[in-house]
Amino acid sequence: MEKIKGLINAPFTPFTAEGEVNLAPIPAYAALLARNGLKGVFINGSSGEGYLLTEEERMRLAEAWMQAVPEGFKVIVHVGSTCVKSSRRLAAHAREIGAWGIGAMATPFPRIGRVEELVKYCEEIASGAPNLPFYYYHIPAFNNAYLSMYDFLQAVDGRIPQFAGIKYTFESLYEYNRCRRYRNGKYDMLHGQDETILPCLAMGGAQGGIGGTTNYNGRVLTGIIEAWEAGDLDKARELQEFAQDVIDVICHFRGNIVGGKRIMKLIGLDLGPNRTPFRNMTDEEEARMKQELEAIHFFERCNR
Amino acid sequence: MEKIKGLINAPFTPFTAEGEVNLAPIPAYAALLARNGLKGVFINGSSGEGYLLTEEERMRLAEAWMQAVPEGFKVIVHVGSTCVKSSRRLAAHAREIGAWGIGAMATPFPRIGRVEELVKYCEEIASGAPNLPFYYYHIPAFNNAYLSMYDFLQAVDGRIPQFAGIKYTFESLYEYNRCRRYRNGKYDMLHGQDETILPCLAMGGAQGGIGGTTNYNGRVLTGIIEAWEAGDLDKARELQEFAQDVIDVICHFRGNIVGGKRIMKLIGLDLGPNRTPFRNMTDEEEARMKQELEAIHFFERCNR
Amino acid sequence: MEKIKGLINAPFTPFTAEGEVNLAPIPAYAALLARNGLKGVFINGSSGEGYLLTEEERMRLAEAWMQAVPEGFKVIVHVGSTCVKSSRRLAAHAREIGAWGIGAMATPFPRIGRVEELVKYCEEIASGAPNLPFYYYHIPAFNNAYLSMYDFLQAVDGRIPQFAGIKYTFESLYEYNRCRRYRNGKYDMLHGQDETILPCLAMGGAQGGIGGTTNYNGRVLTGIIEAWEAGDLDKARELQEFAQDVIDVICHFRGNIVGGKRIMKLIGLDLGPNRTPFRNMTDEEEARMKQELEAIHFFERCNR
Amino acid sequence: MEKIKGLINAPFTPFTAEGEVNLAPIPAYAALLARNGLKGVFINGSSGEGYLLTEEERMRLAEAWMQAVPEGFKVIVHVGSTCVKSSRRLAAHAREIGAWGIGAMATPFPRIGRVEELVKYCEEIASGAPNLPFYYYHIPAFNNAYLSMYDFLQAVDGRIPQFAGIKYTFESLYEYNRCRRYRNGKYDMLHGQDETILPCLAMGGAQGGIGGTTNYNGRVLTGIIEAWEAGDLDKARELQEFAQDVIDVICHFRGNIVGGKRIMKLIGLDLGPNRTPFRNMTDEEEARMKQELEAIHFFERCNR
């Protein structure tokens, strides 16, 4: 199965001031991402507040992205939800509209505590879109599904033919690397934490990844991979350190979903508020974040 | 605002063998519950796998229950979901069909970590059904929303006029009692753990409650309240101990949602399987559970 | 084996201003407790900062309490520590000086994750004091030993002959009651949360307990049991509610170990500071706590 | 302040079959470590079951190591305990016997929940050994002290003059790197997870580290650093992957403290059992572990 090379971006979902999904900015959004070196989008995931959208909204968003992206730009649709029946329908829809692939994180309710449950969950969803590459999105901080991904790969192997790999959003580079080496690299291990692309490259990983801060810092993040491949370690380190400094700022403002989304406004692409129960940033917070970003010269380097 | 007296049951959702919602058993189900002393139903909650249903399925279930229940039997519709927009629509629907009230647990995603976020979440949902009593369903083991309910009552007071109270499914009888005493009993504190009705009565609480094991053990559980009110402490203790023994059995079989639902089949009302990722009991497990229930003479006392 | 009737108090450890153990107040302390209806002391436990004391200090404290208590007043010595060898020595010492019994909570390091490990831990400690009643102190919030106490009783039964029972400091009155009923009440289930004595009595439990707020609120807490036994439910409720209000105050000041210890100063028995890393209350905090206690008329009812 | 270059080993504590500390193997143990490229030892830490030793045993061990190590081989004494007074004494003792430095992890009881508490804890301990380099040992999986190490560095800076740095045993290479860059590398960030030395080197870190699997795999682990410095990325990757494979094996046998200690026996240096509540491996488990190690050709590469 084809492996993803380079960075895929997890877009935010644009909302109107009233909190309704706003499809209008998507063409400009897609162009911005392509311009900055991204290779595709992973939509309706955590950055996209996918769980906070209705099933119809998720379908309309998928269609809008399919229409907006340039040729060869991959659209992967996150279809995970608490309702496996709905997820299967979203998977089928993604296939119908020609998406490149699908993905799903573990449902947060009920908490999945065993590998076998997770395999069953993925299997039922994937069955909605036969043959379409399926990625498991591992982000246990969001759903408490602290399961061994190595055991999961073993369990899924031979059972879900379209299983493509894992979007690995967890701190253990040890586990990441062991999964990457599983059966000589059988599965695609997409790196999922923008703060550690360089260390992952050093182990031989991070050939492909899905980023959240790539929304506004894509050139820097793709630059890490380029510098590494060009043998320029000093540059790779400098770019990775800058990426960490940016992440440090958003951590002061409730992370990427809240703080990162607001950065989009600061760089000229206002995507509106977050849905409840996310707490939107106040104007005072926005001003403070802007100052912190200026202090690290973010606006001189970021995407436009 | 009216306070609930007696026990409300949280029904399981009937499924066909293929995993589709099955409305057929609901009239018989409602009759069984009414026959055993229950005062109403709290549908589409955790026992009802509400989070695992599509929005349409939840609406059809609500309609079916409305049609099936006898006069005066309360229907409270759980409308919580990860999508506040969907929850608001479900609230509006509940009101349209004449439900007695609505309820919502905290979304498990994103995890709600602050009282203010929870108030906002409840407020937006409740706004879909103006004037309809709204109950917050506190069950932190399921969504990690380990917030102070006393602080929550203070925050909600004066802000959500239709706020009726809390379905309290947590072990702290201390916090329960403090909430119950808030402003001389301003809010309705529904007891939510069938294993501790008697101790709660002793403190002056548990006048009303929502049960999960009331599905198959309702006469025993309502019997605890009757015995207490009649001053028969010995009987109340014996019934509570029996209720605990039953709960102990289901804890050996993945709890009420899985094990309890299967008991319904054993007492003659087959409600079908659970949805993924719940693991359905095997036949061997069912046989073992039956034995454990026989050992405590359950089938001689349970609901029919 | 004899079962404890009434309430045992878990004393704070007196320190000098310099942070050294201060044995001087112990005789007056013991007299205060006896005067207020307590039946004994459980020393060097969590309220007593036992884990924060050296092995010698723990021995000197045990000796001082043995000398200070009136005839018939039980001294139970908590001997748990991270070092089972040290704990066994403390157990032997407790026996030598004539203590009534010993107890140990699970070590917080390494975290005990299996019943078998806990049995072994208790067995080795108890072996230091043959025949002396041994109580397991269940307080998982402090050591993450979230194990089934029912399973533990089954595992310990027939293996540690001197095993007397459990000091149960956890919210599950369901589990408490099941343990209490184990083999018709074979083991002594000491109630360990002052906020829920009444509900526990209703189930038939709480004949004996170990309290932390009994240090300054012993008459009220013993009064709950007396009122219940006298059939005066209204009085029992009022006293339990007052006890809950007091506990609510200390929860605003880092709980009983910090806030409760400072109350002793406010009622005339200054026991000095807490050891690092506990953060001692500031004067401002003390003044605020005093106000909160006055607001509930604490000083008119408390122990003197 | 001098920064550590290369790898320090965290030794296991030898016990007799009866469970008493056994000093006899220490000279041979020290020679083995020096022979395999280690630069020092971090004794009485988690691998050394320091928390499970009495204060005297810890002192005797420190003395034995001081006598056994070759010139220039660093001895760092872990002095953390639940009792800050005891830890201060251990710190003073370490200084008296000429140890190179000291370290302490956060006490697991009471759980340290604020940076300020941790600074106070470290400050009091360090005051027992003025001027001796003090390392904070960050291993939150063992004590739940999930605090920001960056905030901790800021809080400690200017307050504990002898503060040398952190032994960082946590998965976040992002936080590790930010701490490493704090004030242009003011503090010594010792890498503490043998499974991720190479990725850490890539970021510019891991110049020094403290290992646990270095006990039996030191040549491979020091080889990673050598290969990286020699520009041989392929070799560094191969060695890191082998180190991960070894760690994977011990993870099947309760980790390094239990499984790793037993490996020492398999390579000819029997260090005896673990203390309760650690569960010692059975003979059957040992045989199984041996097979797993043979399958990865461990015995052809390991330390002798």
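Letters A, B, C and D mark the chains as written, and numbering starts fresh at 1 in each.
In this text, a contact is a pair of C-beta atoms (placed from the backbone, for glycine too) under 8 Å apart; a residue touches a chain by one contact, two chains touch by 3 or more.
Note that the structure is a prediction, hence the values are computed from the model and not measured.
The minimal number of chain-to-chain contact steps leading from subunit A to subunit D is 1. Centre-to-centre separation of subunit A and subunit B, using mean CA positions: 36 Å.
Taking the mean of the C-alpha atoms as each chain's centre, subunit B and subunit D sit 50 Å apart.
Taken together, the touching pairs link the chains into one ring where each has two partners. Chains touching one another, given as pairs, are A-B, A-D, B-C, C-D. For subunit D in complex with subunit A, the touching residues are 171-174, 177-178, 181, 193, 195-196, 198-204, 233, 237, 240-241, 244, 247-248.
Those residues of subunit C whose C-beta lies close enough to touch subunit D in the complex are 19, 51-55, 57, 81-86, 106-112, 114, 116-118, 120-121, 124, 142-144, 257, 275-279.
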